[in-house]
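Below, subunit A partners subunit B and then partners subunit C, in two separate complexes.
Take a look at the complex of A and B:
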């Protein structure tokens, strides 16, 4: 049996778990190719206008899965206690059924950690029944998946490269040796060589935007050419929890919690020269968290830029803004942050200083 | 302490009653208006949903009357509304307004914390018994308001003079707002029912085309459908076009479910919706996404002529619902239109779309009439 796993949305955070899970069950997992123009266009055709870019991309990736026995679309309700994922995660797979080719069945599983591990295992067993696997097998597969996920999370940080890691995992899950995809190897080579960069920039945003190098027009790579880039995904969970202060009410979205907590850490870090918030049009959780974070940034007088992606984002516009931002950050650093005293009053409410 | 709260349709009547019967000083902000929205949109994040912008506008307008404490309900659902209290507090503080924000919800699930917050608002002079009594009274008023609103929905397409209907509605709301006893509430409802009945009797003789109006179900995000300013008066507009409107959620249904955690059903309980939605959306998605789908199914099964979904731009649960609704439309062969509102929504645009939608719904019935008349004069031709 071969299961199709779209390379979008939940892929970026939770693929290792599912890869390990299916690997243990002896089920081959086929991921869709990296995003390219055709995928995006297909996705746009099959989704409503109002939904966000990552979901549109997901619809495209679903259509890109050919020759599979089923498409796997898990409903990731919650990944840790007392939090939820975004409502759009909860609406999968129903909201995307129109994008699934009619001849391919959809497999789904509810993952809800709010109710504890027992419930997660119970829901996985339902999936197991559809696959014809016993409860014990599912349990072992769950542990295996968990281990893979843990290993993946522990390995993050530093010189770590997302795509490389994912390729490693995908390679194993494919089991039968096939030709590896070559077309996106451009990413790797350069950034390991000149590590001596003066600027330290933090890129904040959902993993499915930051690592989605087609939709974000290779933003991460472009940044890495000029600066040392920190990602919030690499921040340890304890660190995130420690930086949630200042909120009277806990954030109840797990992604938002990570973005705010880790973002806050970098805002307070004096060695970080600038912060870029990458969001997409129509992202509900970001609309709140971005505001919360912007307030923190203003307080700490950090250069800050928000980039909003959608399907019409143009390369020239992005590059211009990025260059201008980096120039500004660099200049600020050289002059040790000296800004004329008039500046603050003139522009106390803007996001930058 | 002067308490204020955000507007949501007729909710102000209920909230005002609640606070006043506990002798808490309360400031009812001016009704939602363009001005409110402009004030709110200035402070709110651009991508935030419309209710947040209106809420902020409400508070700022209430400041002029000396309000210093905000009361809002919360929640831990994945809908953004659950976080309104905190983000509004931070935005207002940043903008230089010093409000105390009390979110009425169990903090981290602790009922004790909720009790403390209620105690903080109610002060020491109110006993728990009197608080419960006030809650019950406010709830009864809420149900009565919904009854009146539903009567008006039925009256709008049937009464000849639409302005007269609106006047009756306004009068009914005023009477209910002033009623301070259970009997007073009952009397007001009865008298409104009576005067609507009288008007219908007076008008009925010369208008039999109003006998069986088109029926449209309105579903969607609760704030948008409950608040006539936000929905650009869609119910009134449809009523004027001769359509009987029904709505998926009424205020007391939401209060019963959300605030009393299902202990009170409210007028038109929303509890049955998830089971209706099961075949199309089997899991809750926060907010009222699943209820929206369930209500669409229910309206379709009850033979409504059309359904209109209404939600603010970028509302997450409703976007999920909207992407499921085409399947409901196909299964039940019922036309569903989605309208999205934000701070730039214009009255004329919505009106045009409503007229077009109603025209479309009317067409099948008109066709029948014209065909039978052709047969009547025995014109040659096939059906």
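Take a look at the complex of A and C:
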């Protein structure tokens, strides 16, 4: 049996779990190819105009899955206590059924950690019955998936490259039936994370935007050519929690919590020269978190820019903003090097970013 | 005459193409403001022809800078020494004109921006996001609809006795609101002044959101020619607004200053300027869809009398990088991929 896994949305955070899960069950997993124009166009045609870009991309990736026995679309309700994923995650798979080719069945499973591990296992056993697997097998597959996810999360940070890591995982998941190609080798990207760069920029945003290099017009790579780039995805959970203080109410969306907590850590970090917030048009959680972070940034006088993505394919707008931002950060950095005789930065009187 | 050396700055935007000649003594010798009219290449050539006819035979261009949304195209045609984004170019020009300037309001044809400077360095900026409601094209369009020349728009707005309120968030809403008010019998100057106020309100809420606007404030870009908008800004901000002498060509002026900085710093550096005769050369542009992969990039080719000068638009860079290294051989590349 071969299951199709769309390379979109939940793929960017939770694929290792599902890869390990299905690997243990001896089920081959086929991921859709990286986003390209056709996938984007197909996605736009099959979704309502109201929805956000990442969901439109997911619809495109569903259509790109050919020759699979089923398409897997899990309903990832909650990943930890007291938090939820965005409501658009919760609407899957129903909200996207129109994008699924009629001849391919959809497999789904509910993941809801809010109700504890017992409930998660119970829901997974329902999926197991559809796959003809026993409860014990499902339990072991769950543990294996958990291990893969843990391993993946522990490996993040520093020289780490998302795409490379994913290629490794995808390679293993296909191994169950295919033989290893002769010239297979994981290529190390030479031009990423050069620690010699003078500038240090933090790129804040949902994993499915930051790592989606087609839709974000290669923003991450472009930034890495000029600066050392920090991502919020690499911040440990404890660190995120530690930087959530100061909020009057708890944030109950997983991504919002991660973005605010980790973002806050970088805002307070004096070695970070500038912060770019990548969002997509119409994102409900970002509309709030972005503003909360902007307030924090203003207090710390840091250069800050918001980039809003939609279906753009023209790069001019992005390039202009990025160039101007880097120019600004660079020139400001040079100037702030001139410390006055009173021992404070020249612009410390200013409330401007 | 050894003093006949100039730096050329070119700002090729969506609506206008501006050229500035800056002398070695930092004097603005010539400014040109041309309408791009969707044909940037021809407009640049037209501009160079005009420029050539206006300057003396002994004049020499010793540095070129380009900016604006077509800065890459302009740089290819002219042979630029510096290519810079509009924000940096505008900021450089303003702080050279007045080093104490702290805020720049810039409204152009298709975009608007705000730049915050402290001690002559950009410390914050913003550009309009999805909405182009507060830009020059919209004013142009409304002036045309009301049958008044855009040059008289601002003057008429100043005559308003009691400006009416117009919804400014969106140009579609603004237009329908204006039509309703005009059908009710409001006077034209009142409507125009109301539109100016709505535009300024929208600009400050959208682009100027969360910005620390302090004087001296410069207002530049094509729309700064409109005294109605200037007055609305002054009323809204409660501060005097300075419109610099060369407000319409500040981007080009900034590009010229940047060229001067770059070329001036290294005296042995010779400009890459392709010469004033380029107005006579035949340039062509064509585009094609690359079928090398599923991205199907739209690649643009600039040709000078049949030979390829530059290419861009491809994500992987295989077409762009192939220029100057012989023609790109699609066949052999495909062969390599199959072998891999």
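Just so it is clear, the second predicted complex is superposed on the first by the 317 of 353 C-alpha atoms of A that agree within 3 Å, B and C clash if a C-alpha of one lies under 4 Å from a C-alpha of the other, contacts with A are read in each partner's own complex, and residues count from 1 in each chain.
In this text, a residue touches a chain if its C-beta (ideal position, glycine included) is under 8 Å from a C-beta of that chain, and two chains touch if they have at least 3 such contacts.
On a predicted model such as this, the values are computed, not experimentally measured, just so you know.
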Would you mind checking whether subunit B and subunit C clash or fit side by side on subunit A after the superposition?
fit
Touching A:244, do we find subunit B (first), subunit C (second), both, or neither?
neither
Report for A:37: first if it touches subunit B alone, second if subunit C alone, otherwise both or neither.
second
Which partner chains sit in contact with A:335 here, subunit B, subunit C, both or neither? Use first/second/both/neither.
second
Scan A:320 for contacts with subunit B and subunit C and give back first, second, both or neither.
second
Looking at the overlay, what does A:218 touch: subunit B (first), subunit C (second), both, or neither?
second
Examine A:131 and indicate which partner it touches, taking first as subunit B and second as subunit C; both and neither are also allowed.
neither
If you've got the overlay open, could you tell me the nearest Cα approach between subunit B and subunit C in whole angstrom?
6
Of the residues on subunit A, which ones does subunit B touch that subunit C also touches?
281
Mind pulling up the subunit B residues that touch subunit A in the complex?
45-49, 74, 76-80, 82-83, 85-87, 89-91, 94, 103, 107-108, 280-287, 289, 313-317, 319-324, 326-327, 340
Sort out for me which residues of subunit A touch subunit C in the complex.
33, 36-39, 183, 214, 218, 281, 294, 298, 303-304, 308, 310, 316, 319-321, 323-325, 327-328, 331-332, 335, 346-347, 350-353
Which residues of subunit A touch subunit B in the complex?
47-48, 50-51, 75, 77, 82, 84-88, 90-91, 94-98, 110, 247-253, 279, 281-288, 290-292, 295
In the complex formed with subunit A, which residues of subunit C make contact?
69, 84-88, 116, 118-119, 121-125, 127, 129-130, 210-212, 293-296, 315, 340
